[in-house]
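Chains here go by letter, A, B, C and D, matching the order in which they are written, and residues are numbered from 1 within each.
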């Protein structure tokens, strides 16, 4: 057990995967010599050499496109798109190529590739450097999408993503990189698709992921002072997501709130809510309430962004509303 | 076969004939409603596929585009499973899920035809990266049209291949058309100027001369293997038929398409005859191709339709089918 | 009143808008001399000239990017991306530029631009030429998204999109282009964001759009034979969507089904369902059931694609399930 | 001002000084926590912004990139509203919603700085299309870095501008760096070779010589207006500070950044002095800039924070704010 930062846990996962498997290679903008825009890939060039760790030009389409070709030809590429906002430039390779190759070629090809996508606000980076677009990717058959919220999951999900035979998107919340936490000396294998009960509770379920895990836990603490015991379910994986765990929690609490940093409308929470309004309908004793960003671009100014991002108060209020 | 060996002209003829007969049959099957979707034929362009692929070895990989039948067959894709696929059958190369625009065969390094113009380029670049990292000595090749040169990803791919000195052969089939528009009105640059701006050694040749294509491709592939780095080959060729089958080509001068002296098959046949190759040998290429196509079509017609559940199971490697 | 095809109605809308406003220009791949891949822009080059109607190279990123710059500089560009699958190549211009420019520049710029996106299957065009990706666009603050289902709406929504001061995506289902219908001589102005009750009913609400309108109407007819009166609500606009109309219908029927051609998971239906599971919770007497494509790429073979696309039977079954 | 008139060197100096003083103040404000987010300074590159923008008229439009402060100020963006914006205030040019990476001013044809590398190019192309269709005689210009040349959309934009002969001036500020990586390792091509491959007339000049930049830009803009079609100008320049403020630049040789003889301001000052311009005039440029910046910062500090509801109302033109 050691205390490391979230970003360091990803770094260790990358290093361990590269040490274990020669076919794992890394490329992206400023990931090699500079060690990554957020320092996540620091030291990997020195340790694994310039063949396997490469800086690329500013070419997001070719980065992911090349990852597809490399994965079809025997490598396990792990690529980084510096901000999730820039994945707008890689969507063809991700959606029309990576996601479909296995299916479209009749199962002849495996696509073991990982795309790391830092998302989220909190650093006043403005409308083009703060978006949470994971709902797009979860809508695409053939892609898997994970989003770690803890230091241990940062390590475990990165390893799981690299080990996976399908293309996996690892969504990393930028505001978590510096957060410290415990990393067990030897990590259990994590299966993509399993949620984590971050806090048990009997009165309401808060389904969340990424940076909103801690915010939801804060909301649960606040609610506990009023005698409301909220269960916090951290999805960890968004595609596939753990329908069984969410339904089981709902069956215990009968109230559902979903919280994420992404824009509420047409976000990840919409699918969770929709699915529970179908298969979980009989368990529901109150409206399903979502907490997400309002329908506007991420604003720059401190006051605007602070108000834009969901906080514990809004989540606690949502729980109170569904209990009302 | 190592790539450095030259393939006999008669073998190049056989490959071109196979492509030609397969595609003409596809045209008929399409007209008869036996091929779903839409198909893009490479009639008139067979010299490029045959000449280039004969310069590649089995370990070399190949990415292709929407007009990919010839590329696939020249790379060695099984003819029966080719027809099974394009006719949408369960035993097709891709189990009937891709069709004409997505024929692929992992066994022969064929990374797939592609419905997205330009998308094959970074895929070939990535495949070449794998060859380089694994020091396999293999080369990745990619076919794309003149129209694809307008896509941004072409530029990114050329640049990446050049700075990383990746073993990739870029083959531009310049037939002068992007769908219904002449590429001359769409592209300011010449194909070779684009490649050369990225410091990629580039050649432009008559793509309807299969021997010239083959010689150029062999030379470039061997340069790639020995000296490293990408090469670019422009093959000037002729799209004889419409952009897709059913295209009435109102936009196009009839003469343009029909210059039979450009036909790569006729040209090679005349040359072989002049070189004293017996007429029977020349004729056998056509006869054999037709026989093989007949057999493949019969087999494909008898093929079963794919099942939905099998398809659902192949979205991911190891997960359960989802409803 | 005249009978025209869906595609011709769009053609007329384009022509009428261009005749009425000199600043409307058209560009895209093969839209000028060839008259469009689906013939939708036929005749416009001859009528309006080569300055205003232009064929572009195969450059989807630059097409939409140039539309942004043109809209910021006084034109009203209407551009076409040949298949919605290719909008993967235009996402930066759409999402980071067009959608955000008004907001991000403090309201200084209007972005009156239209992007036409043919979507959907039914022609065995395979995995990369059949997708329905409208949920992505509806998730982006700053974009509007409409999807006509009738000949009259094809005209009216295209006109409304061009007249709108914001970037509007017009999603056109390819399988509708050849459908015939009545086009009134003079069309009422249609407001973006208003749904249409395609068929009234009291027992259940089917919310739908695009090609699934007719399929839903067929389902409603079949259900009527069993004495079940389904109300069919055609959204027409997906962003914004007519929450008021859907809620009002739900308040009448108390049962909700949502049908679309897009992949069910994380599709447009998820948002409708989620919102109704919140604000419409008290009206719901049964689970919200969605009908959409399964979670797989659009398959090529006839038998596969036919099974893949939702049909009237599946929609009728969904209605029966929520009534059970 | 018509673009054909040359702007007096002293005015170029004043523009450069204004940019320099504004950015040095921003660096200080950023270090003090008065500027949120991150900022990219163009210290050392002011000659490009000043020289090019002085060749543009008020009807000409300008797209910029992440390092856009200088471009914006040189095009005439109001200094107070510039600081108000970057400090996140309600009266900022963009009402505090964009910040440093998104300064824009419709009144002076400034189409915005841009956080997406390369995104300004097609925007300028589209703006030039509007000028062409409306026959306004205006030109669209765009600034981008050497690193942006790797983006696919650069290629698409060059091609479109070339085939449509659009009135656009592409200005590449080549400072040798893409963030923390030397562009030499990222780009196989030279900037001018890329432009020329698209048949765009291209020039490369010393971007730290503001007079040379201004002369070249004036000549190119006047060619665009008279002969039509795009032009390309590479300005070789120096990024004196880090990629963004706070960048420790461990990757970089200290000497490289600090060659003061390259400083475009110092160079022009020495030249003016040699030409006999009174020292007081030269000095006044700095003094006036500092005074203006002082006033603007004071005003910006006093500015109010933006309100959330106003922001919500500006997502669309004519719809109600949504919760």
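The rule we apply is simple: contacts are C-beta pairs under 8 Å (C-beta built on N, C-alpha and C of every residue); 3 or more make two chains touch, one makes a residue touch a chain.
Quick caveat: nothing in here was measured; it's all calculated off a predicted structure.
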Task = Go through C-D and A-D and name the pair with more C-beta contacts between its chains.
result = C-D
Key: Remotest chain, subunit C as reference, centres from CA atoms   = D
Message = Quick check: how many Å separate the C-alpha centres of subunit B and subunit D?
response = 45
Key: Whole-Å separation of chain centres (CA-atom averages), subunit C against subunit D   = 39
Centroid distance [mean C-alpha coordinates] between subunit C and subunit A, Å = 30
Key: Between subunit D and subunit A, distance of the C-alpha-averaged centres to the nearest whole Å   = 36
Message = Residues of subunit C that contact two or more other chains, please.
response = 56-57, 59, 61-62, 85-86, 89, 92, 96, 103-104, 126-128, 141-142, 295-297, 299
Key: Residue list for subunit B, restricted to those that touch at least two other chains   = 96-98, 102, 114-116, 150-153, 156, 159, 163, 185-187, 311, 315, 322
Ask   = Quick one: in the complex, what on subunit A touches subunit D?
value = 29-30, 33-34, 37, 55-62, 85-86, 89, 123-129, 294-297, 299-304, 307-308
Ask   = Which of the residues in subunit D come into contact with subunit C in the complex?
value = 61, 63, 85, 92-98, 102, 104-107, 111-112, 114-116, 119, 121-134, 140, 152-153, 156-157, 159-160, 163-164, 311, 314-319, 322
Message = Touching residues of subunit D toward subunit A in the complex: what are they?
response = 36-38, 88-89, 94, 96-99, 101-102, 114-118, 147-148, 150-152, 178-181, 185-187, 251, 305-306, 308, 311-312, 315, 322-323
Message = Taking the touch rule as given, give the residues of subunit C at its contact with subunit D in the complex, in rising order.
response = 23, 25, 51-52, 54, 56-57, 59, 61-62, 64-75, 77, 92-93, 96-97, 101-110, 141-142, 144, 164-166, 193, 240
Task = Would you tell me which residues of subunit D are touching subunit B in their complex?
result = 150-156, 158-159, 162-163, 185-189, 193-194, 196-200
